[in-house]
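Handing you this structure, nothing more for now.
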């Protein structure tokens, strides 16, 4: 098991939502921390770059950057460095999110870079084949999210279970040490339970938490379902 | 005159230099603030995204983001939003830096977006023709930096004065309200004085300050030269 | 007047339509040539890269590449060179089409490159402001196409006449020698007539011709409307 | 064995070299055909897009596009379609060449697309790890080219043999049906022989042939070395 985090894990992607920007990002991270402490489930958040330090200072929780560039220090105006987000308090980074896709050689370079900095790498993929390709690059986490389900409220674990099971199978075959998450449309505790039943070791979520009237309640429901599943 | 800032102005681009990351970014910004107060010259800094809030909280100084994306709030994982960098304390943004170039239609969209948020827009350009094109989009600032001179220590204002004068002339013809800066290779107070003599209203600098043994000294030299020129 | 082509001009963009690929591209170009000879109206076609030579060999007509890269000869696998498309028989190129947008500095470099090769440059733009910016770069042609109208059948010249008149005005102010075309939704002879009435010197069209049951008929209608307008 | 081509195979990438543009591209392809017939070694050429049809019509030889876009027919001005390059006579395509790199999900989509069209897919990679990732996507060919050796005349097979053997091993483990080529710096018959000895089933070359005083001689030397090796 990866010592940098426990499973099951729930990652909440703050995207560029107004409800998770600036002070609201910090507030949301605090609630995630509260749920994590109450349920014992590992929770990570992925705020925007400019919010990483405030979030990391306030909440004891995994903090992921939403993206990182395949570069070392130097003349890279406007880029995101591993070094800088780590100093700001991030413990990991999303890589190749469907809304910020990367060239293959850059994904490989970033995974290496992130490993050197002792950060957690979470590479997002769009289907089982692409997940199998990424598995060869040995990231810590692969998060499969079929793009057509993102933001729909139709959970991948319920409507496309074979996407999850095929990803789990192909990644396991390539490298059993990689943690597999699934995401897209996860809206209810049952969606989380179903994801774990299919072999995923957690979920990546966004709008269902960030845009909820009461994010704490929904996240508690998700974490509770994960805990229930873990104990069975 | 643009009421968002005074001229002459010196913008220090922190790029992705280790010497201007995290705590060192805050320290450097404090020294810039000190020079600004001592000389009365307007100084701006452009730290990395994750350092914007810490810099803005500590130093009373113009803070520029190094880049911004042409997007509104929503599903834009890994992107940089005007809203977020403003809430973090930025007062403006670089746009189209030579190390982070943009599509033409995106430059136009970002200038509009930034104007709506009451932030200062500083568009970087590589030659007089491109500067003239950008002038039609009415940003607050155009900063001309011939890419072949960046980081060389050979000052644009000394070695390619016609690049500065042609830019000033073409931008003035198109729109006299736009502030024109020049950059690339600016290393000495005389380079700054020369830039202002050619019609530029300030300079954009990076390695000569960030990588200096004593950044305060060099920046003070630059600001002093600008002040001298202003008083003549 | 630009000696490389006469106005009014109609450019037919073949895009990646099956109806204008390979032999069908050649056939369509022949019909365009026929219309041009019958009406005396200057017509250009923009086939896919691989179809340029066959089209240029068969039809006496202006042939535009759909795109070109800002590069000289050398190690540029998978890129499109001015030299090569010219040798294949192209007489010009589209630049920055909304489906193939470019960085600002690349647009400037390509316009220069194309001028050196004595090819016709036609830069596509999405609004009057962007058109004004491009005018500073002095291409031969600026073609304004509001992206939201492309492929709708709702003609820019009828539904957004101010987009055309503002573009014409801003480009004229910047440089009276640039030819201004408009496009998006042009479906009938009246749309063409309206475009010319608003000051455009021609139109750029695609699906209304390429996907027509009888492209010859529609193109003849367009050219007829242009001729009528020219004679008034 | 892949029925679309025999091994060993030599692919000559014409890049954007003046010596392999237009009529010279056709001439070079003819010489490649001659070498192929004389030696019995399978040779492919990768001309620029606009030269594909002329090359394919003249020489009986494998013709690769240098790139293809991950798109179906439609509104894709300036893009390269599988359909179009196939109709022009191409029998395959390079994908993800180091000078034209692609997003991971696009590589996957293109491999599928190319398979559907019954074209040969040759994905270029920069190191063994990336090759292993690509192997999961099941292209016909993987061509490893360490970017730092491209164009140097220092052959990958001689100076970095472990890059070749590791690639061969990792790709074989993932999928034994994929053909593995290597390239970068291949300049002599011995470089080719060495590549085959290390387990590669062919080479991809460019400047050593295209920029040779007598391309026929060098290509004949390469093919002769491959033949020699095959017979042993």
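For clarity, chains are labelled A, B, C and D in written order, and residue numbers in each chain start from 1.
Quick note on the criterion: contacts are C-beta pairs under 8 Å (C-beta built on N, C-alpha and C of every residue); 3 or more make two chains touch, one makes a residue touch a chain.
Just so we're clear, the structure is a prediction, and the values are computed from it rather than from any experiment.
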Between B-C and C-D, which chain pair is linked by the larger number of C-beta contacts? C-D
Roughly how far is chain A from chain C, centre to centre by C-alpha average, rounded to an integer in Å? 45
Chain C and chain D: spacing of chain centres that average the CA atoms, whole Å: 35
Multi-chain contact sites of chain C, meaning residues that touch two or more partners: 98
Could you classify the connectivity of these chains, where an edge means two chains touch, as line, ring, star, complete or other? ring
Each pair of chains that touch: what are they? A-B, A-D, B-C, C-D
Please output the residues of chain C touching chain D within their complex, sorted ascending. 13, 15-18, 21-23, 46, 48-54, 65-67, 71, 73-81, 83-85, 87-88, 90, 94, 97-100, 150-151, 206-207
Chain C partner contacts - residues on chain B that touch it in the complex: 96, 98, 101-105, 107-108, 125-127, 129-130, 132-137, 170, 174
